[in-house]
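So that you can tell them apart, the chains are marked A, B, C, D and E in the order they are listed, and the count of residues begins at 1 in each.
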């Protein structure tokens, strides 16, 4: 058993750096797919832009609007970063490399991702700005709606593995990754995951072109940075969860250590997220909601029932 | 779940399935008449489902439910009452609300809740039944959105019901924490082993009493009743007055029986004080009301007090008396509200005493029906209410509760006054032209229903033997 | 402070309950009253869970789930009614909303 | 008390992690507060609304649609909670449990159908409704095309 | 069976006359009158067949009603019941006749109520089952309430409510006592029954018996009415229509007296003796107080009402004297008072029809205009003050002789009541018929219908005064038995 302190420190260090690094990575990849250069001045391939951005954000004016609800205004961005970071507590990066391998892992994940909605609603409300409020309302309804489907989709995996513990779930995929029996669940989870992180193309709460950044219109400096980091951490989290739940987590041929497999798979999904941003148009708000309730919700219920029925049938025969 | 269980729960399953199906029906095609007809059918089918359920009694479905004669009797009572209320509802809602179909859905659900209550022998089923009932009632009470008092009534009921639920739950939790059981028998046994009532259980019972008392509308948890009766649509008020209270009362009786409540004098005294207070508050406050709905509300508070007297007698006659009184009270209350429904115009409820001035000379039959109902509430011979009250007094005398009986007598006399006042108003000669402006709807179905109710009322008043035998037989099982 | 965990749990639940009750009684905004009632309900739920862990049975936990479900349903209906009331009265003051007397 | 949490894994790494996260977050916010510059200009204290001077309160009233979503969430999420408790134990409760959950889910689906048919799941502007309203206004002669776009915009924003 | 028929004729007549009213008002009146006359004929035949009541129970009928409680439909008739029924049907028929012209609104419903009250009273006089007794006791209230409340005078509702609530309150106390008796008997004999004869000799503790007796007594004292419970009576009598007043004074008050004779004393002999002095005192107070108040009244009907209080005081006095003479006096007093006071109310009613006031100060000198009415009034006023030769004299004389054996002082005071009676009776004649005539218009005297009513009443009161033996014979057995119970 590794010393937990090392794990804690390592996880936090890697995460924060990944989040920062993703900003650069995304800009480079987008540029690649859009046939342009992207950031290329600071450092090799412009990688130091991350550092520059961070410094800039720290020194930006820490502006709190006089018309805002000040306490809530400051509190909101902290929630998003903290809740996403906390979610990583239960992610098993490799056998034994997990901060707290609790047996209600999935529930904890769901709980933490629900907390994210508070940051949006509180931020939008505290801003006392029409755009912000509109964004917040949209964000809230979108996130809470997809929360439902996400939970239901996950239940397929729970039924397959018989546990909420993520390590157990990974171990249960020794023979076959859950992506195959749980293809529908995977798709729903992925879509819901994108919606949960209000990541493009489902960035309706912030939709620059309609709502001028939506719920964080009034945010600037590091408080804005928190939302920003939160979003990238969210991408990482969803990717990691997808890997853990459907792609066998750290499992892989033994020529590479488990952690490396995990990182590779996760990055593949991060790239997918970036690719989605580059290639998909943003749906309308009502389309998104209707799609969720009218398609994903019945589908996720169906998926769960069918999975359970087959598993039960298999276990009795 | 075995086949027997299914048949035993037949009425409950039928009705709850009907609620779901009627919801789908509304989704498919929104039509008042279809939904109404379907609900009628559902009630009839549930009533028929009682017959096969009778084959298995007494049947226990551990740990939550018990189906014995007592619960089947009350199930039947609830179903019939619900059916009658439903019959009275159609015309009332036809003109009043653009979306009337959900009313039937909610009514079915609320009835289901009450039915769960009467078969429960466990905190969990008690709670579930109670909440199904309550939550449907929130919607029902505030159903007429256009009416200004309805949402106020709804919110009042909601906040207070939720508050009382919280008390009930906390009380249950305390009892559970001490005894480790949530089924009534288990609690009774645990308490028996303990030999006395520990403070925690006492506190638990007290808190539960708040929850139960609220539903029953007994003093001091009665404040909601008049406002809710006034604001709610008339059929819903009838529902609250009868089925909702009846269901709770039945479960209270069962609980009290199973924990051997009469062995604990403290409980007895608390209930006795509540009974006296309910009688007095109900009758006294009703005296000054001008609104018949409110009068009926206060009168129902008083009636719950009367029932408590029988309840406290702790003898078998007392339980029989309660059952009989419930039947009489159900018929009477629904009948009284039925008159109000029939007399209401398509836009306005006939609710003030003044609306009934000289009614006898214009609508003699309805007035006679109303008179009969009011006299039954007052407990005058030839009506079921008389036999019911007689039964209660008998139970009280049997248990030598002279003080309570004396209070009951005093209150019966006070009560007379306001019933008589309404009757007097109906029989006033219509000398002034400026009386009521309400043009009653007088729907045919409603009139027929009222006739039947009156026939039942007089029938029970003149020849109560059959009903008594039924009740007596039933009580042999529970005691 | 060496308290039996069950007693401590019940005490906590009791405190929460009383807080909720006080809040219901003194608040005049209907939404807050509703919220306070929810606190009371959850206090009862907590008490159930504590009792459940004391006896090592799952009953209390099941009860808590039902309480959750019921609280949710109650809030949905309650908020709908409150919206309706606000629509009519333009206020959420419970004293204003007390128009029926007698 | 037969909980697995207590005797298998220690709680302290979780607490430590949480503590560090909290410290980190507050540190970042605190640092930026200390380091950030301050300035005061004519329009510094005004709300940003794409360069237009803002009018009216920002506390908008929202269509009840949002409320409906909240209710849907509350209801269905609680249902999910119940389903979750079955999902973890489906093996133990077997086909009987499956049947129970099936009934439960069928009821859920019935509710969904009901909501659907009653338009609770139609979030955007309803084209037909707008058209009907428009036609009605045209017939009354009080309308012009401008009004129509107004309605549309109003509904499209939300 | 004949007893059931008596009841059913009334109930059937009630329904029929209500239905008939939709055809023709006159038909409704005739139906009601017919029903009452039929009953009267039946009961007179019975009387003729059993003049001296040799066997104590003339008829008896019993069938199970609510076996669960031990309640049966048990009717029995003895001399006392028989006399009361004769009075009931006789006054009932007169009541229909007297309201022939007075009642013009809702005639059908009026007769329905009238016959229903009479059915209730008949039931009270016949039933031998305590539950059934309570049942009828309550049953006669509602139609009476309507009679006062619908067809009464200006202040009718107040009066009707007061009447109803007073009697109901008393009734409920009686119910408690009945039930207690029921359970005590059940505890002793292990048989649950409400039957009068079974309950008669229920052994119980004295203190219990006293309480139970009080429960009964209050109900009957309210009805009677004895002094502290009398306040409903002047209102009810004054506001009721003439027929209502006749039934109230003539019959309803008698149910109270009947209850005391039939139930209180036989069921609780020891307790009755214990309270006898108190009750007699109440009776004497009633005699004096009623008489004094009567003297002070200006409203004619109210005046007559207070005379009732006074007269019923004699009944109470006699009932608790516990000897046969007094009982005979009580029975005769019940009948004589029914006749004389009923007649006075009828005269007051006919007067009211003519001059539309009940204030005796606005009357005076009417004798000249309406001599027949005046002479009739003279006879009944004389009867009321107890002039020898008229029914009341016999009654009061017997009562006073009887009570003299029981309590001398009280008898002396009761005799003072006779003086008071003379005062108020003469005042009636003085103010109403003598003096100077102040009115412009000519008043019509009694018409044929009214004459028929009045003359029949006069004949009866004269018969009662001159030859009371049949009455005394008929009820003798009952009286002996009641007196024997206490000895």
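In this section, a residue touches a chain if its C-beta (ideal position, glycine included) is under 8 Å from a C-beta of that chain, and two chains touch if they have at least 3 such contacts.
Not measured: the values here are computed from a predicted model.
Q: Give me the fewest steps it takes to get from subunit A to subunit C if each step has to go to a chain it touches.
A: Counted as steps through touching chains, the separation is 2.
Q: What chain groups remain joined by touching if subunit C is not counted?
A: Ignoring subunit C, everything left is still one piece.
Q: Would you pick out the chains that touch subunit C and also touch subunit E?
A: Intersection of subunit C and subunit E contact lists gives B.
Q: Measuring between mean CA coordinates, which chain is farthest from subunit E?
A: Relative to subunit E, the chain whose C-alpha centre sits farthest away is A.
Q: When contacts are scored as defined above, which chain pair ends up with more C-beta pairs, A-D or B-D?
A: Looking at A-D and B-D side by side, A-D shows more C-beta contacts.
Q: Using CA atom means as chain centres, which chain is nearest the centre of all the protein shown?
A: B
Q: Between subunit B and subunit D, what is the gap in Å from one C-alpha centre to the other?
A: 40
Q: Distance from the CA centroid of subunit B to that of subunit C, rounded to the nearest Å?
A: 26
Q: Please work out the Cα centroid separation of subunit B and subunit E, and write it as a whole number of Å.
A: A distance of 43 Å separates the two centres.
Q: List the centre-to-centre spacing of subunit C and subunit D in whole Å, with centres computed as mean CA coordinates.
A: Their C-alpha centroids are separated by 23 Å.
Q: Where does subunit D touch two or more other chains at once, residue-wise?
A: Residue numbers touching two or more other chains: 70, 77, 116.
Q: Two or more other chains in contact with one residue: find those residues in subunit C.
A: Touching at least two other chains: 73.
Q: Throw together a list of every chain pair that touches.
A: According to the stated criterion, the contacting chain pairs are A-D, B-C, B-D, B-E, C-D.
Q: Can you list the residues on subunit B that touch subunit C in the complex?
A: Contacts found on subunit B: 123-124, 127-128, 131, 135, 138-139, 142, 145, 148-149, 151-155, 158-159, 162-163, 165-167, 169-170, 172-174, 176-177, 180, 182, 226-227, 230-231, 285, 288-289, 291, 294.
Q: Can you check the complex and tell me which residues of subunit B touch subunit E?
A: Its residues touching subunit E are 361, 375, 380-382, 386, 390, 393-394, 397-398, 402, 405-406, 409-410, 412-413, 416-417, 420-421, 424, 427-429, 463-465, 468-469, 472.
Q: For the complex, which residues does subunit D have touching subunit C?
A: 1-3, 64, 67, 70-71, 74-75, 77-79, 81-82, 85
Q: Can you list the subunit A residues touching subunit D in their complex?
A: Touch residues, subunit A against subunit D: 4-5, 7-8, 11-12, 16, 57-63, 65-67, 74, 77-78, 81-82, 85-86, 89, 99-104, 107, 127-134, 137, 140-141, 144-145, 147-148, 151-152, 155, 158-159, 162-164, 210, 212, 217-218, 221-223, 225-226, 284-287, 289-290, 293-294, 297-298, 301, 304-305, 308-309, 311-312, 315-316.
Q: For the complex, give me every residue of subunit E touching subunit B.
A: Residue positions touching the partner: 65-69, 105-106, 131, 134-136, 138-139, 141-142, 145-146, 149-150, 157, 160-161, 164-165, 168-169, 172-173, 175-176, 179-180, 182-183.
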